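Here is the structure we will look at, set down as C-alpha cells.
By written order: A, B and C. Residues from 1 in each chain.
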Amino acid sequence: MTQRPLLAVAALAAALGLGLGASAHAETTQAPLKDVHWSFDSPVGMYNQEQLQRGYKVYHEVCSACHSMNLVAFRNLADKGGPFWNPAYPNPNDNPVAKALAAQAQYDTIDSETGQPTKRPGTTADYFPSPFPNETAARAANNGALPPDMSLLAAAREGGARYIYSIVTGDGTTPPAGLQVPDGKYYDPYMPGDLTSFWKGDPNKVPVGGFIAMPPPLVDDRVTFDDGTKATLDQEARDVAAFLAWASDPTADERKQLGVEVMIFLLVFTGLLYASYRSIWRKVGH
Amino acid sequence: MRREASSTGPWADSGAGSGTLSEVRTSEVSESVAKAGADGPDDAGRRDFLYLATGAVGVAGVAAVAWPLIDQLNPAADTLALASIEYDLTKVPLGSEVTIAWRKQPVFIRHRTPDEIARAVADDHAPMKDPATDASRVKPGHAEWLIILASCTHLGCVPTFKGGEYGGWACPCHGSVYDTSGRIRKGPAPKNLYLFPYTFLSDTKVKLG
Amino acid sequence: MTEHKSTYEPKSGFERWLDSRLPIVRFSADLMSFPTPRNLNYWYTFGGILAFCLVVQIVTGIVLAMHYDTSEAGAFISVQRGIMRDVNYGWLIRGIHANGASMFFLAVYLHILRGMYYGSYKAPREVLWWIGCVIYVLMMATAFMGYVLPWGQMSFWGAKVITNLLGAFPVVGNAITTLLWGGFSVGGPTLNRFFSLHYLLPFVIAGMVALHVWALHVPGNNNPTGVEVKSDHDTLPFHPYYTVKDLFAIMVFVILFAVVVFFIPDAFEKVDNNVVANALVTPAHIVPEWYLLPFYAILRAIPDKLSGVLALAGAIAMLFALPFLDQNKVKSMRYRPAARMYFFIWIVFCLILGWCGSQEPQGTVIPGGAGPVIIDYGINSVTWLARVSTAYYFAYFLIITPLLAMSEKTLPVPDALFMPVLSKSAAPAE
C-alpha cells in the first residue's frame, strides 16, 4: 500500500522527462505546423524509397543551389535504406546511380604531375559539394542570410519533416495588411519569430510567424519526377521533407527493424527470468 | 531498540578489533620514544626539528609540482596571442547592430539612434544595480557607437537585440534586461554589459583590442 | 561483512593454495552468500540497476572514444558524421550512451527517494548515504561534461552557462572560470579538458561504488520496515534470491531503455544540439537536461547571481545534511504518516521545480495574464512558482524534517522485520 504513491511519482518523473520537447516560448510565435504524414512517422514506419528518390531530385535541382549538405556523401544515397539502394550492389560504392550522380560534381584537387590546383570529377566517396566556399560568401550571395546546412535540418528543428513542409509551403504567404515586410524578406507564418515591431495594426493581434530570407522555393512543376508522379507544390514539399528526414537520420529504418527484434528477445528473456524468480522464491515467505 | 545495531552490531566488533591493534602500536611507539629519550633531550629536540624540516621541504616540493599541473589549465600562449581586429563601421546601418567575434568572444557594435541615446542619457541617474552614466560607456564624440562585450554578465548568453522594456537587450537565458546603454536594469545579472579596450582609427573604422 | 561469518570452504588443492595467498574466491563467495533481509521490495532493486547502468555507460563510452575527435573543428563532425552514419552500429552505441545518461539519472533518483522514504540515511548507514551523495555529485559532473562533447549549440551554451556559475564568487570567480575554460570563453581547450575528465570520472565513480558497497555490507541492508536484522530468520542469502530478483528488475528496466533507444531515441534530445556550436548565437531557449532542471529552477528563482549559485549548491548540500537533520529513531516512513505526507509534497514540489526549469522565467503558470507584479515578476509567473517551490524545498529539510523528528507521533513499529505468520514454511532455504 505504501508503495503506490512512490509508483505514481515514478510515472510522473518519467512523464516529466519525456514531455520536455513542448516548452513554451514567451514572445516568439509560430502557426501550428501543417498536419501532414509520412510513411516513416510511426515508431516502426519505414522510409518510402520512391519518395526519397523524388525528394533527392528536388533537393538536387532546387535546394542545393544555396544549401550545403556536408555530412552526406554520394555513397550514402546507395546505402541500405537510401534513395538509390539496390540489393544487386551490396557495396554502395559500386552502385551505378551513385557513381553517375557523383561524377556530375567537380572537386578541387592537385595535379599529380605539375602540383598545380585543378579539378576532378567526384566519386562515391565524396561528400556533397557546397554551393559556397565559406560562410561569408554564402551570406554575401544571400542578402546577409546564411542558408543552413541541410544534413541535420530535420533533426535540428522542432517538428522535423512537418516543420520543413510547413516552412516551404508557407513561405511567401501574403502578409496581413499592416505588416511591414523588410526588403529581401518573406512572410512565413510557420517561421518562429516576433513580428511586434513590424506590425502597425492592433497591438493585441500581432500576426504569428516570422520573416524568412528564402524566396518561395517551390512551385508546381518546378521539377519533373522520373517516376511520372505529378510535381505539384504539395508533392514536391512532401518529398523533399521526406528526403531531408532521411538525410538527418539515415539509420532510422535499420534502428526500427533491429528494435522490433530486440524487443521480442527482451520480452522472452524477461518472461523466463520472471518464472525463474517465482520458482526460486516460492519456498520462502516474504 | 533500533540503536542496537550500532552498539552490538558489526561496528562494535570491528571497533574492538582495531582498538586492540592501535593499543599494540601505541605501546611500540612509546617504547621507541623512551629509547630516544635515553640519548638525551638535545638529541630529541634536534631530531624533532629534522623531521619537521623534512616534512616542510617535502610539502614545498609537492606544492611546486602541483603548480604546473594547475597552471597548465590557464590560457595557453597561442590563445593569448589572438591579435586585435579592425572593423569597418559603415557596415552597421543606423538603428541596428552587428555581433562579431573578438578573442573568440562575441562583441556588439550597435549604431544607436538619437532617440536611443537620449533615452539612455535620461536614465543616467535612475536607480540601477551598477550605476554608470551613458557618457562613461562610449568614446567622446562617438556617442552613436556602443561597443561592448555581448556576454550577459549573469551566465554568458548573448542577449537579444531590442528585447525587453528598455529597448536595449534581453537575455534569453534568465531574463536579464539591459537598456540602450547596455546597463543592467532588471533580472539576475549583477553588472552592466562589460566594456573592453577599443580605439577609433577614424570616424568609420574601429580597432578592437 | 564482519558479522557475516564466511561459509566458504575451498574445494580443491588449488583453491586452498589460492585462499591462503589471495582469498578472492572467498571474498566473492561471501558477497554472494551475504545475508540480506528477506522483505526487500522492488524499490531495492535500483542499486543493481545502477551498477548495470554504470557498466553500460563505461563500455559504450570507451567504444565511442575510439571514434571521437576532441578538436573544436572535428568534434561535431566525428559524432554526427562518423559515429552516427559511418561507424558500424555507431548510431546504436551512441543512442545507448546518450539515452543511458537519462536512464541512469531516472534510476538514481528513484534510488535516492527510496533511501529517503525508508530512512536508509540513518545510523548506522550515514557513511553509506554520504558516499552515495558523492556519487550523485560525480554523476552530475560527468553527465554535464559528456553533454558538451558532441559540440552542438546546447553543448556549447550549456557549458558556458554552467561554468559561468563559478564566476559568481567574489574575487576568485573570474580566475576560476578562465582556469576552467583555458581561454576567454568556452572553446577548444575547454572541450579537450572536458573530454579528459569525462573519461576519468566514471572510474572514480566506480571506485566510489566499491566503497558504497563496502559501506553497505558493514551494517547490512536497511529494509522497508527500518527494523534491523535480528536473526537468520530475517535474512536470505543474496544469491540466488536477490541475484534473480535484481536481474529480473534490470531486464524490466532494459525493456524501457530499449524502447527509448530504438523507437524514441530523440526523446531527451534538444533539437538545437544538432546545430554545430556557434559562439555568436545563443539558442532561443536554453535548458539543461531534465535531470538538472529542478536545480536550474532554484538557480533562476533567486534574483541575485551569487545567492542563486549558493542556493543551487545548498539544494544539493541538503542531501548530505539529511542524517543530521532527521534524528527520529524510526527509520521507515511506513510508521511516520506525517513525515510521509510532507515527503510526498516535497516530491511534488521537486517535479514542479523541474517543470519551472523547463519554462521561461516570465512565462505564465495558469494561462492568461501574469497577474500583479511583485518585486520583478507577476504573481502568476513561472519565477514565482519556482520561488514558492524553492521555499518548500529548503523548508522541508531545514524546518519540517527536524521538527517532525522531535515531535511526530509515530505508528507502532514491529519488533522484527519479518513476521513468519503467513508463510507456509518459515525456514530459509539455506
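The definition used in the following text is that a contact is a pair of C-beta atoms (placed from the backbone, for glycine too) under 8 Å apart; a residue touches a chain by one contact, two chains touch by 3 or more.
Small disclaimer: the values here were computed from a predicted structure and weren't measured.
Central chain (C-alpha centroid nearest the global protein C-alpha centroid): C.
Seen from the C-alpha centroid of chain B, the farthest chain centroid is that of A. Averaged C-alpha coordinates give centres for chain A and chain C that are 34 Å from one another. Chain A and chain B, compared by their mean Cα positions, are separated by 40 Å.
In terms of their C-alpha centroids, the spacing between chain B and chain C amounts to 28 Å.
Across the assembly, chain C contributes residues 284-285, 360, 362 that each touch 2 or more other chains. Within the complex formed with chain C, the chain A residues making contact are 2-3, 5-6, 9-10, 12-14, 16-18, 20, 23-26, 28, 43-44, 71, 76, 148, 151-152, 155-158, 192, 248, 250-251, 254-256, 258-260, 262-263, 266-267, 269-270, 273-274, 276-277, 280-281, 283-286. Across the complex, chain C meets chain B through its residues 1-3, 123-124, 157, 160-165, 168, 178-185, 187, 189, 193, 218-220, 226-228, 279-286, 300, 302-306, 308, 329-331, 360-362, 376, 383, 413. Listed in rising order, the residues of chain B touching chain C in the complex are 2-6, 9-11, 13-14, 70, 73-76, 79, 99-101, 103-106, 150-151, 154-159, 172-175, 186-190.
Partner chain A is touched in their complex by these residues of chain C: 38-39, 41-43, 77, 80-81, 84-85, 91-92, 95, 102, 106, 109-110, 113-114, 117, 224, 236, 240-241, 244-245, 247-248, 251-252, 254-255, 258-259, 261-268, 271-272, 274-275, 284-285, 287, 290-291, 333-334, 340, 344, 347, 351, 354-355, 358-360, 362-363, 418, 420, 422-426, 428-429.
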